[in-house]
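Pasting in a structure now, in structure tokens, and then I'll have a few things to ask.
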Amino acid sequence: MKAYLSRRYRFSASHRLNSDSYSAEQNLAVFGKCNNPHGHGHNYIVEVTFGGQVDPVTGMVCDLGALDTFAHQHLTSIFDLVNLNTLDHFKTMVPSTENLAIVVHRIFSDFTGATLTNVHVEETGNNSFDYPGEIGPTTASTAAA
Amino acid sequence: MKAYLSRRYRFSASHRLNSDSYSAEQNLAVFGKCNNPHGHGHNYIVEVTFGGQVDPVTGMVCDLGALDTFAHQHLTSIFDLVNLNTLDHFKTMVPSTENLAIVVHRIFSDFTGATLTNVHVEETGNNSFDYPGEIGPTTASTAAA
Amino acid sequence: MKAYLSRRYRFSASHRLNSDSYSAEQNLAVFGKCNNPHGHGHNYIVEVTFGGQVDPVTGMVCDLGALDTFAHQHLTSIFDLVNLNTLDHFKTMVPSTENLAIVVHRIFSDFTGATLTNVHVEETGNNSFDYPGEIGPTTASTAAA
Amino acid sequence: MKAYLSRRYRFSASHRLNSDSYSAEQNLAVFGKCNNPHGHGHNYIVEVTFGGQVDPVTGMVCDLGALDTFAHQHLTSIFDLVNLNTLDHFKTMVPSTENLAIVVHRIFSDFTGATLTNVHVEETGNNSFDYPGEIGPTTASTAAA
Amino acid sequence: MKAYLSRRYRFSASHRLNSDSYSAEQNLAVFGKCNNPHGHGHNYIVEVTFGGQVDPVTGMVCDLGALDTFAHQHLTSIFDLVNLNTLDHFKTMVPSTENLAIVVHRIFSDFTGATLTNVHVEETGNNSFDYPGEIGPTTASTAAA
Amino acid sequence: MKAYLSRRYRFSASHRLNSDSYSAEQNLAVFGKCNNPHGHGHNYIVEVTFGGQVDPVTGMVCDLGALDTFAHQHLTSIFDLVNLNTLDHFKTMVPSTENLAIVVHRIFSDFTGATLTNVHVEETGNNSFDYPGEIGPTTASTAAA
């Protein structure tokens, strides 16, 4: 009986889209208003999904309390009420929400209670991003062949 | 043209997380406040997903009216405004939301209008669980090999 | 410049609607399925509204951190993951959501940072209750006359 | 680093479920109130999902501005504030929401910035439909075998 | 102890904004795309609010079951899955959502369990309308003077 | 027949809470993490409410198209994707969400189609602020006396 648990965490942060590989003109052309030097921000919603056997005694995929403690320590205490550009995680890459999803995936890959299967990040009510990691269904199918 | 129909049903119920395999001390250690003898509750949202060919005449995957009748008879009339621990479905297992998803999957597997592909249960706005059944993509891939 | 701050707190609890003034038959007739002896539950959302002058220096109606600390101590740490019927607050009254709104109003009336003007409680996505306290606009109008 | 971008577009439209292949009696029997000659309507939410490599310089799967321009031109300017039955897209098929998902899939398949992987349409808060296109996981698995 | 109960009802309907007092050109100029002869539609959410003393025995403002029965009979069974222009209620007025709020107010004014204090109608996620009836706070203030 | 129209506008912006009247230590003590020099951000939702007679011919309180044009010109084109601290509106006051509500009120007070009765701003899903302007019910009651 394999089930999936999804848990949402929320934080409010700002970011500026700007690439060191581009000139000021190129950055403006590519990122438009999102390139303004003072940044803008969002209420980010991060949903992490873990898959695993449902424990026949506890009826659970993993210990939710342990997951919340992990998330507080490694995600919300660091990402809430900051400018993402100032975090070490984004020293060498643009803090786009695609990259944020990849960063969050790396963070929760270290949680040992169950297998991380997806990271979903909502930037606004109209925009969201998913990063399932690199060992996705396509790879599995290829391996199966 | 295979499409997927998802339909949401809602009920308000209570539960107590407690395993007969554990001592009182163990139950408290594992389930914390969720083990309090008087229980607590949630507004559960159940979303069932069915896949099937879109009928070229009706333009539909299945008869939504028939699905609603089925859901009323087998789900909401039984699960709404009750304590889940008192239901036969949870006589031998903890009424965790993972197990609730599995129970709901068993119930809707008997609906004959289309193929059940997933059960999604939201326990709170921050917590949800998915159970796609045991004939999932992994099994299919393995069979393919 | 008088503004209003509203803050939402959430807890999951169960309740049973049953009045000591009624016989078992009367309770069943009045409360229906909500009278089942094992209870049922909800994800309650409590929104408290405070009015006050916007401080010309801080730009704030009140200290949100202080409000959150108060709410944790007096509301969520007590009401989350419990059966409302077991709380002292409901010893002499039915734990209906109307009465829950009144109880929450009493609790937050002790917060000294600003003036409590309303308590709003959502029981489900279709049901909500407001209790503005007894010194409402009608009374003020009468006083004005 | 393959990620997925989902973007929501919204429009308000009406439709009448009625098939030319059926008699008036059959249409009424199959579609019930949804067959009334004057139609009814919904606030449709369309979510299109695109997958692609995250560009190492921009940190993006595709140009969101270009997607929005495409969506305005090909979706919302055409589908908002109309009766779906009057659109060319539904000349030969019932404007069910399953068929709407298929139509939206055809439209966004022409967007060249990234690979369309799913179309999700919410008809009401309780009803939604997904159409991933015909080159789905099943086909991939079959190919793998 | 006066509290307020708000209850949400939902229906999906279509409408065309068109006034008999206007020429075709005037209607198009005033209502734009909303004047197209085939109409468009919405998932309307109606929230009715009732005020009343909280019954010291039941803990309730009014009998919710009775309100739901009333709403089914007088609102949802009539307004769901129809074109509002075809209803008697809109024979002599444009089925704008402002007028819909007024019509709903008239309907629920006949409910005898408590005092109707407001009707709120959501047309889309960005648009809503309130009609508190004609005996509003302004009248009360005037009377007070 | 006086009704109220509420319309929601959305923008994503960043802000830093910092008062020129305070020392760096005081600012940190009062605003905590919200005082970090690089700011953080939110998806702000602004809901403006206008009251007015329902026009007997159009069935409307005001011209929604004119309101949207006004809002685009004076609100969203200016406030979206910026840092609030850099706007002229906040040159002499902290860009708290209370002050943002007051600023938005000043802006929409210039809309001539109907009478502005309230500005509601949601900072997060748990936080919101209302500013009804200075000619509120309290003042009216006092005048009535």
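Order of writing sets the labels: A, B, C, D, E and F. Residues in every chain begin at 1.
Just so we're on the same page, a residue touches a chain if its C-beta (ideal position, glycine included) is under 8 Å from a C-beta of that chain, and two chains touch if they have at least 3 such contacts.
It should be emphasised that the depicted structure is a prediction, and the values quoted were computed from it without experimental measurement.
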Fill in the blank from the handout: Touching chain B and chain F alike are A, C
Exercise for the section: Name, by label, each chain that touches both members of the pair chain C and chain E. Expected result: F
Exercise for the section: Mind checking the rotation angle between the two copies, chain A and chain F? C-alpha superposition, nearest 5 degrees is fine. Expected result: 180
Handout entry: Copy pair chain B, chain D: interface residue numbering same or different (half cut)
Key = different
Problem - Pair in C-E, A-F or B-C that repeats C-F, with over half of contact pairs matching by residue number - result: C-E
Problem - Chain whose Cα centroid lies at the greatest distance from that of chain D - result: C
Practice task
Averaging only over C-alpha atoms, locate the centres of chain A and chain C and give their separation in whole Å.
Solution key: 35
Fill in the blank from the handout: Taking each chain's centre as the mean of its CA atoms, chain A sits from chain B at a distance in Å of 27
Exercise for the section: Provide the C-alpha centroid distance between chain C and chain D, rounded to the nearest whole angstrom. Expected result: 42
Exercise for the section: For chain A, write out the residues touching at least two other chains, lowest number first. Expected result: 125, 137, 141, 144-145
Completion exercise
Full set of chain pairs in contact is A-B, A-D, A-F, B-C, B-D, C-E, C-F, D-E, E-F
Fill in the blank from the handout: Counting only contacts in the complex, chain F reaches chain C at residues 17, 19, 21-22, 30-32, 93-96, 98-99, 101-102, 125-132, 134, 136-138, 141-142, 144-145
Fill in the blank from the handout: Residue positions on chain F within touch of chain A in the complex are 10, 12-15, 33-34, 36, 38-43, 80-83, 85-86, 124-125
Practice task
Name, in rising order, each residue of chain A that touches chain B in their complex.
Solution key: 1-9, 49, 54, 56-61, 64-65, 137, 140-141, 144-145
